[in-house]
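Each of the two complexes below includes chain A, the first together with chain B, the second together with chain C.
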Partner chain A sequence: MAAVEKELIKNVKPLVKIDGIKKYFTKKRSFLEKKLVRTDDIIVKAVDDVSLEVYPGETLGLVGESGCGKSTLGRVVLRLHEPTMGKVTFGGDDITRYSKQQMKQFRSNAQIIFQNPYASLNPRKTVRNILSVPLKSQGGDFIKREQEILHLLDRVGLNKRHIDSYPHQFSGGQRQRIGIARALAMQPKFIVADEPVSALDVSVQAQIINLMQELQEEYQLTYLFIAHDLSVINYVSDRVAVMYLGKIVELATTEELFMHPLHPYTKALLSAIPYVDKSKRRERILLEGSVPSPINPPSGCRFHTRCYQKKGKICSEEIPQLKEAAPGHMVSCHLLD
Partner chain B sequence: MLEIKNLAMAFETERGLVRAVNKVDLSVAEGEVMGIVGESGCGKSVTLLNILGLVPHPGKVLSGEIMFQGEDLLKKSKKEMRDIRGKDIAMIFQDPMTTLNPVFRIGEQIRESMRIHGLFKDVKGGFFKSARKHAEKDRAVELMEEVGIPSPETRYHNFPHEFSGGMQQRALIAIGLSCKPKLLLADEPTTALDVTIQAQILALMQKINQEHGAGIILVTHDLGVAAEFCHKIAVMYAGRIVEQGRTEQVMDNPHHPYTQGLLRSIPKMSSKKDRIEPIPGGVPDLAELKEECAFYPRCAKAHDKCLSQEVPMFDAGEGHTVRCYLYG
Partner chain C sequence: MPVTKTPDGLSEEITPGHPLIHLLQIKTRIFLADFRGFIRKLKHHPSALIGALLIILFLVVAFFAPAVAPHDPFVGELSERLIAPSWLEGGVSQYILGTDQQGRDLLSRIIYGARISLWVGFISVTISVLIGTLLGAAAGYFRGKLDLFLSRTADLLLAFPFLIFAVAVMSFLGPGLINLILALTFKGWVEFFRLVRGEMLSEKTKEYVEAAKANGQSNLRIILSEVLPNIIHTIIVLGTLRMGFFIIMEASLSFLGLGIQPPDPAWGSMVNEGRQFMLNAWWLSTFPGAAILVLVLSINLFGEGLRDILDPRLKIE
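This part shows the complex of A and B:
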């Protein structure tokens, strides 16, 4: 797989290209607050200057702790959030400049699967209602739609008698299957999966992961797979990007990243995974403290406040750039200079 | 130290009795870490609540006994239970955000159980019993330092929302430790936390176990956490313990088809070639359970005998027990 992957990177154009994306959320201070307390607006730098490329047919895993901006990035890619700066290109076109009409077209190519299958389905609609909305936008008559719904249900492993059931009649895993069917209905090329299995039990989680992989092979889907669970990321991804406080700290093929992590944060993250298998346990690197707030992120390297390999002044003063440390292995850390 | 014998409890609902815990036998020795693993709804948290007598309203205990230091906790009065809770047996809950009271300062919440259990009631003197308050405060600060909260003197006066998730969990552990409990019940203490923070909290709990010699019951759905942290493991499915033994026995050589299935459905970290094998189907509805093996519809090795009657626990050697006819 890795060899094929490298070939792909050389020859194929990326399907999705994220270029210098920044997403800041601002909380405006009121007039009085400004006058009395003399504070500026609060700016949360959720995603700060991220560039990524997703190649057709691959699964790019995006991993990081809560609040690191991975979900925000996933939403910016689909323009569910407007980026503050930077652009996203899909098949060569800049989607941040698309008109409403063009966005509609784009939405049929790019879909999202949400984290919480309990909140992402309308409780008052039957499965038929839920699945016919995307199908209606594609046109076609009632009978064709009905056939298509049955086909989708069958494809995601639900029974056809489920067609008139409401979401509350399903278990978590079954609901996530409905969510996947809804995304598939538009026949997309690209799917952002935002923590699709983290709300599910282990045995059901495995079912959904396998389903997503089968669908990928069948329809040549491209995934941006967001998760905080490293073992899931390891299993599904071809390449992995590690995020910390709004920035990508390391990007490599899955094998490379898990076998030879270079960034101190990635190393700590990998060492923290509890294993059932004793032979796989690594010596644990305990990080001190917790992730700083993205409102006032640390200067220089964002990780320097918790870093156990801090080099010196440069870490707290200069922002490290994402550089190629080995072929296809990008790291942003001053240690490698 | 703690021995649960044949515990069964159910919730009375409109659809009949929902048996959440069924014939559970567990024992925890002094200084031992016991892990209960299973999927959501298998009855692992309710088992813990039973130990403390905290089962919510429609639930009632049908049979069994919970022996703690030679006395049956189920026969105790409400008042006697109040004296035990937080003193001899303390609990750490899953979600620190909802467990801590948002309108009281962290320090006061740590002091609360010391005050209720009269830890410093012999300390007399001072205006408005200030000597006792000072003693409690000193102990609280000491505890906060022990669980790794930085600058405890100032953090003592903070409110819960000023703490991060990991720090809140540490504060909860400090509350749990305040009266030097002999048994600590931890209900998914790290599920709401990130991996790096989870590693910190588990290291802390390990330290507590070794230094204080407190027994710990850890409820978790994460098999990795259980395998690294616990001495003994019980696997629960649909209200029953299906397999129990020392960690090496259960994790390295799982006997019950459910345990085997669970371990196979965790993504392996190294080679991509071996696909994960999910367990087909879903968890059964507890209201419709009968006496037979609850895992029957999902089991690859099921045969007619499994349906005929209730499956007893079989001994697979050296204290490793399995509820499956394959080993009978």
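This part shows the complex of A and C:
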């Protein structure tokens, strides 16, 4: 399997290529504040120089703690946020330079599924209204749209009688199905799934994940699957990227990453997965302190303040580059130099 | 397939027939269900119900004023001036609330005065809502320089007391109905601006707005068809409450002689005219004053009730 995948990756062009993306959020200080308090604008480095490639048909998992910038990255890829620097190419075209007209085209190719199924559906709209918005942009008359809505509902496992119901009449899992149907209605090639199951019950999580995998096979979808739950990532992803404070620290195929984690942060993350089976348990690595603020990220390696395998001065002075440590296994850590 | 809840009897089997007609039927059914729900909640809210009934009474009386009023409000018999209300000594059954200094029937003048108060209140609230909502939605959605400019303008206007500001504007523009409405809306939009801007700021961060963006909807469509329906109920509540306030402002300006001019029967100017006769004809000021009180009270009761009834949290959870 892994060999086939590697072969695939060598020959296939990436569908989405994220190239040196930076996303800084600035909170501007007013003139008076600057003069009187002598403070500067606050810059939050949510995503700081991230490069990734997503290949057609694969699921790329993106894990990291909350606040590490994974959701921001997902939104930049879809240009829901404008990147501060860098570019995103989709099928070879730079989408950050798209005109309004081209963006419309792109919107139908790339969609998003949201984390919170309670906030992602407009509470004042019925399922019909929610689903007709994407369908309207596809053209087609009313009757065709009506059929398409019924088809979509059926496809995501909802009863056609739900068509005139409001979101608050559904359970969390059903709402997420509506969210999936809405994304699917645009007939996308690429879907950013922003923690699509983390707000759901574990039993419902499995149903939604299975649905997403069925749909992936049926429509040849490519997923960028953002999550903080490692067991979910392990189950769905072909490859996994680990993010820490706005940077990718490790990137490998799922099997490789879970078997041979190289970055100290990844090791610590993996050691936190609870196992019932005693033989599978790893020694728990407890990280000290909490995630530093992205407003003033640590110098050098961002992880050096909490790293238990710190090498020395170099860790706090030099920013480690993402390097290939094993075939297809990228790590950014000075330990491997 | 697990069916969770059957929603208010809406999703029975899809009936045959043309889908457009079907959609129309459904929309009507949703509307009727909403309306029935509203009436049901109103019935369980005594103060809102009383307010609503009184407002309806005022509206009917104002609308059918020519039919309801027993006399012409503009023409009086000078020989019959300052007659006391009918139940008092010296009262005549012909003039239920008595007559004024020109012999005009007080009740008829109050009835016609309701037209002015309701009209000024309604028009100035409507214009304020339109301006405030438009600017507030734009400022909250687009932020940036526009928001900065509008917010500072709003702060500036809020720094003035309403009545003093209105007096200043009226003395600049001169009296009259249209100028009165202008003076009220000149500052009146600010409350709606602040409300809508704030609501927009909080709605904008919700994921359904991002979903609409990802679906390729334009900013205008997102504001109008996604966000506004979610905040319209707060606008309605504030609009109702502000209407009571505008009616008081209209009465105050007319009382000061800056609003509606005699002989037009505005309640405020009637109170002012009657002031001179306070000692021997107390009814001249009292009854128009009471009319202002009752109308504004009922509007406020209804507005406060609406706040409870339309609260989406009570509806959804």
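Going forward, the second predicted complex is superposed on the first by the 336 of 337 C-alpha atoms of A that agree within 3 Å, B and C clash if a C-alpha of one lies under 4 Å from a C-alpha of the other, contacts with A are read in each partner's own complex, and residues count from 1 in each chain.
As a convention for this text, a residue touches a chain if its C-beta (ideal position, glycine included) is under 8 Å from a C-beta of that chain, and two chains touch if they have at least 3 such contacts.
Note that the structure is predicted; figures quoted are calculated from it, not measured.
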Chain A as common anchor, with chain B and chain C clashing or fitting: fit
Chain B versus chain C as contact partner of A:S203, first or second or both or neither: first
First, second, both or neither for A:M85, with chain B first and chain C second: neither
Partner chain(s) touched by A:L335 [first = chain B, second = chain C, both, neither]: neither
Partner chain in contact with A:I43 - chain B first, chain C second, else both or neither: neither
Chain B versus chain C as contact partner of A:I314, first or second or both or neither: neither
Partner chain in contact with A:S171 - chain B first, chain C second, else both or neither: both
Three-chain overlay, closest Cα atoms of chain B and chain C, distance in Å: 6
Residues on chain A lying within both footprints (that of chain B and that of chain C): 171, 174
Chain A - residues contacting chain B, complex: 1, 65-66, 171, 173-174, 201-207, 209-210, 228, 230-232, 234-236, 254, 258, 268-269, 271-276, 278, 280-281, 284, 286-287, 289-291
Chain B - residues contacting chain A, complex: 39-40, 150, 164-167, 194-200, 202-203, 221-225, 227-229, 251, 261-263, 265-270, 272, 275-280, 282-283
Chain A to chain C touching residues, read off their complex: 75, 78, 80, 103-104, 107-108, 110-112, 114-116, 119-126, 128, 133-134, 137, 142-143, 146, 157-166, 168-171, 174, 179, 182-183, 186
Of all residues in chain C, those that touch chain A in their complex: 1, 3-5, 7, 10-14, 19-20, 23, 26, 30, 206-208, 210-217, 226, 229-230, 312, 316
